[in-house]
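The two complexes that follow have chain A in common; it is paired with chain B in the first and with chain C in the second.
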Partner chain A sequence: MRFIFKTDYAQDIALVKHNGQAFWYGLLVLVMLAAPFWAGDYWLSQLSFVLIYAVAGLGLMVLSGFTGLASIGHAAFLGVGAYVQTVLSAKGWPFPLTMALAAGLSAAVGVVVGLPALRVKGIYLAIATLSAGFIVEEVLARWESVTKGNAGISVTSPQFFGADLGSSEAFYYIALGTCVLVTLAVLNLLRSATGRAFIAIRDSEVSAQSMGIHLAGYKTLAFALSAAIVGLAGALYAHKLRFISPDQFGIQQSVDLLLLVVVGGLGSVHGAFLGAIFLITMPQLIAMGKDWLPPAIGQATGLQAVVYGVVLMAFVLFEPMGLYGRWLKVRTWLQLFPFYRRGLFKRQKSYAKSERLK
Partner chain B sequence: MTPNLSTGTSGTPLLVARDLSVRFGGVLAVNQVSFEVQRGEVFTLIGPNGAGKTTVFNLISRIYTPTTGTLHFEGQLLSDKPPHDIAALGIARTFQNIELFENATVLQNLLIGHHIHRGAGFWSNLFFTRASRDAELAARLSAERVIDLLGLQPLRDSFVAGLPYGKRKVVELARALCMRPKLLLLDEPSSGLNVEETEDMAWWIQDIKTELGITVLMVEHDMSLVSRVSDRVLAMNQGEVLALGTPAEVQAHPGVIEAYLGSVDDVSSLRRAAA
Partner chain C sequence: MAFVQLLISGISLGCIYALIALGFVLIYKATETVNFAQGELMMLGAFGGLVLMKLAGWSFWFAAPLAVVGMFMFGMALERLVIRPIMGQPQFTIVMLTIGVGYTARGLISMIPEIGTETHTLDVPYKGEVINIAGAVISLEQVAIIGVTAVLCALLYLMFRYSKLGIAMQATSQNQLAAYYMGIPVRRINGLVWGLSAAVAALAGLLLAPITFVHANMGYIGLKAFPAAVVGGFGSLPGAIVGGLVIGLVEAFAGFYLPEGFKDIAAYVVVLVMLVVKPNGLFGGNLRKKV
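== the complex of A and B ==
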């Protein structure tokens, strides 16, 4: 068990809390930087997908995990980001600029989609975002002069002042850099007043309001920020796929993103990464499992959807804190061995909630 | 209404309520209530359940808007302000049924209380600039002073969801103090507390008044606590003011006794019915 002796308030806001963290995260960064040397083409490509989905997951995490606003339409922002990136890259604009614009436009769409969030909550907000998702998908399909509609559009490789960054190694580093920057930005928000205001809104709106937190302002900000981050992920996604069409940004994708944050662990930054790893490795595991299953089940269509559904239900029922919550328990078990007791993470029955002030 | 009792505190009143009324459909929850809270006093609202005490609180924190009447805080009309601007004026509150941020640590709760003094905006926070860092350190120092006052050191990093009820009450008080308010609204600070915890709460309310110089407006049912800490008491029943004065005066007021215990006529009529 590690005890940190704090002698300075700055220790509480430091990103790296102790030497152990410095060592493991440092090692992780080195391993990731060296990935093109140790991973083959296939694994490098899978790693890139993990990074892209981790960025998208962070975006949804800001909204659902930290601000407590549900969204089943987040693929829309992925789509906006992807199409902005595709159209502007085709004009030969440098990729940092196109990505910034992808994030910006996506944020603008996010503000519009977020407007109902100021009025409705819970399941009604979920429905509102769901319909917004359909609307965006439809716009992408019908606005043929720009998006080439359902026929799809091929994506040029990232450009940077004449240099073509189309190789899988170059793209991997772009994805890695984006992912690191987004993670740092989210961590920065979480250790300052803005992030705490999000958490306050998630846990008690009436109380947040009487602390002087402008509910409408911060909810809109959360939507814009979340959409901007997912837009960045969309820009990367477009380059990774090299060919995009509107049906890739439909409800299936939105549900995948939701699955990612719930399985990873709502309300944790680690959760976005664990969820992304889960989302990318799961199809491989299912494909491997197919050979072992009787053909009637293994070859059945929709096997993946069923497995995803079962996994999601299992997490909601047995591990609402997701993979990250499970990891915390495992870590505590290891640290306390052999003194771990079963009820350690049992929450007390929560006290009767008041008639919430409406 | 009994004549206004001067407490000897100088200057203009901090909070002035004039003919406050609020109607929910057919229910007149608060009816023509007027009172003034002087700077530096502990002013208590008492009354049976449903008397409209918490509604008065919710009017002050702008969760409700009065149907008629006005509320002035330091001369500013409160109904002009949106609810999230009330905190910045210097009004902090606690809730009758504890509204803490459950999935955050005690320290985070206190820092959220510090929100109106945040000192750095979104972009500064995003890049965690020098301004954000300084603001965080300042917030932490101010939270730590409150932790020190209320003895919350062992709970700093505990999640609120795992705390017992009595501790949550203290954390809620601490969070309100982190706002560095001029007026503190306490909605039943001792409800659900045991004898010792109530004793602590009484000390803290006195400390808040004398050492921090914060004016306290509270709703409370525990009459021993009320008479111990309050300078003036306002008794309400069914949305109307019954009596206003020192704790002893209000407790002796026939109208108050009637509101709590019923009148002699009621008892005699019961006796007749039984006979």
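== the complex of A and C ==
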């Protein structure tokens, strides 16, 4: 068990707390950088998907996990980012500029969506975001002059001043770079005053207001940042899929993002990555397991939906801290062996805080 | 004449939304739980009626009430097994759980080989018949929806006002602790509320089936019930009905008078406007507690 003797504040907020972390994360970075050499084409493509969904998960985590504002319409921002990237890439603009614009426009949409959300909380917010998601999806489908409507639009490869970066290795490095930058940005956000304000808003809005945190401003900022990050993910998503249409950004995708965040572990940066890995590997596992099941179950179309639903329910009922929570418990068991007690992570039974009385 | 036609179709669609929103608000009032699986409960009720009519060969008048009673039991079982263990958790958790329940229900239905994967028609006795009122041609299905909703609302009003069970339900909705003190079996009442909600949703599904046919994605229609509940105000049962009618009428008229595409999002635009102008809904109370 490692005991860190902290002597100053910089140690407290350092991103890498001790040598063990430095070693393992460094190793991870090296493995990811070398991925095109050890992973086949297929797994490289899956890794790219994991990175894209991790970025999207980070965006939703900032809003739901760290500010406590539930959002069931987040695929709308994914769609906005994807379409902005598509339209601008087709014009030949360099990809850093188009991705920045995708993030910026997505943030603007996020602010517009967040405005009705400032006055409402809890379930009203969820329904407001649900409605906004449907409206954005419909706008994407109807604005045919720009988005070509329901027929979909094919996406060119990322451009960089003449260099065509469409190969899967080049795209993998773009995705990896974006993911690393976004992760560092989110970690930095969390240890800053703004991040602490977000967490205060999540824990108790009344207390946060009493401490002088301007609720409306910070909530709008949370929406804008979250939408910007998800917009970036959408831009990458467009390039990966090479063909996008509005129905890919509907409520199904929003629920998938929520699934990612809840299964990964709400309220942790690791949770976004674990959730993304879960979301991408689950269909593979189901496909592999299909051969072992009797045909009546294995070949049914609804099998994936049932597995996702059951896994979501199981995590909510038995492991509310998600995959990251389970890893924390395992790690604590290993660190404290043989002194681990079952009550270390016990969920307290409590009365739910009523949302009806403000 | 188009106006009367639109009015009737708007009201009948609004009644469906009102029924689902009613179930939704019932659960919210009693346990402050949000049930995102309400649309899927409606779909299960419609499939229940379909299975009883097609496989068991029973007539509609026998199969439909049985489907409603079956869904009542299912709602109670759902509450007992899935919802009760996590009472007391934050609202987001319970929302995710009900989303998971909906997902699973939809997947399970589409796994059943012939029934789940296709679209079926429900052979109701009054299918296809029309009546003429003042020149407007109105299908009997719509009249049936409006009639059944009105009767159901009257019955529920009488139950809540005059029966012991209804008053006990109102008591648990207003103040759970006081209800415990009065000797009301609160957890059993919550189970009954879930059962009632599921039964109302099943009824909505059976009424809707002749119009939209029975298929596994029927639950998405129930998504519009959430805007209906918001418009009416979350803590109010009459509000749910009024909200549903408002959303139904807005959709019907938007489909006719506004350009293409507005029909689907009209309900959501109304919700966003409502949240900006009057966040507590038309009938919702403005409760505030000083900290």
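The criterion applied here is as follows: the second predicted complex is superposed on the first by the 346 of 358 C-alpha atoms of A that agree within 3 Å, B and C clash if a C-alpha of one lies under 4 Å from a C-alpha of the other, contacts with A are read in each partner's own complex, and residues count from 1 in each chain.
The rule we apply is simple: a contact is a pair of C-beta atoms (placed from the backbone, for glycine too) under 8 Å apart; a residue touches a chain by one contact, two chains touch by 3 or more.
Predicted model, so just to flag it, every value in this text is computed and none were measured.
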Touching partner for A:A185 - first (chain B), second (chain C), both, neither: first
Touched partner set for A:V255, first chain B, second chain C, both or neither: second
First (chain B), second (chain C), both or neither touched by A:I127: second
Touching partner for A:A300 - first (chain B), second (chain C), both, neither: second
Which partner reaches more residues of chain A (counting touched residues only), chain B or chain C: C
Which of chain B and chain C A:A193 touches, first, second, both or neither: first
Chain B versus chain C as contact partner of A:L176, first or second or both or neither: neither
First, second, both or neither for A:V206, with chain B first and chain C second: both
Doubly contacted residues of chain A, that is, touched by chain B and again by chain C: 206, 350-355, 357
Residue ranges of chain B touching chain A (in the complex, touch as defined): 58, 61, 63, 82-88, 92-93, 95-104, 107-108, 111-116, 118, 120, 122, 124-128, 132-133, 135-137, 139-141, 144, 161-162, 164-165, 168, 175, 179
Touch list for chain C against partner chain A, complex: 28, 32, 34, 82, 85-93, 95-97, 99-111, 113, 116-117, 216, 220, 223, 226-227, 230, 234-235, 260-261, 264-265, 267-269, 271-272, 275-276, 279, 287-289, 291
Footprint of chain B on chain A - complex, ascending: 9-10, 12-13, 185, 188-189, 191-197, 199-200, 202-204, 206-215, 221, 267, 347-348, 350-355, 357
In the complex, chain A residues that touch chain C: 64, 68, 70, 115-117, 119-120, 122-124, 126-128, 130-132, 134-135, 138, 141-142, 206, 251, 255, 258, 262, 266, 296-297, 300-310, 312-313, 316-317, 320, 349-358
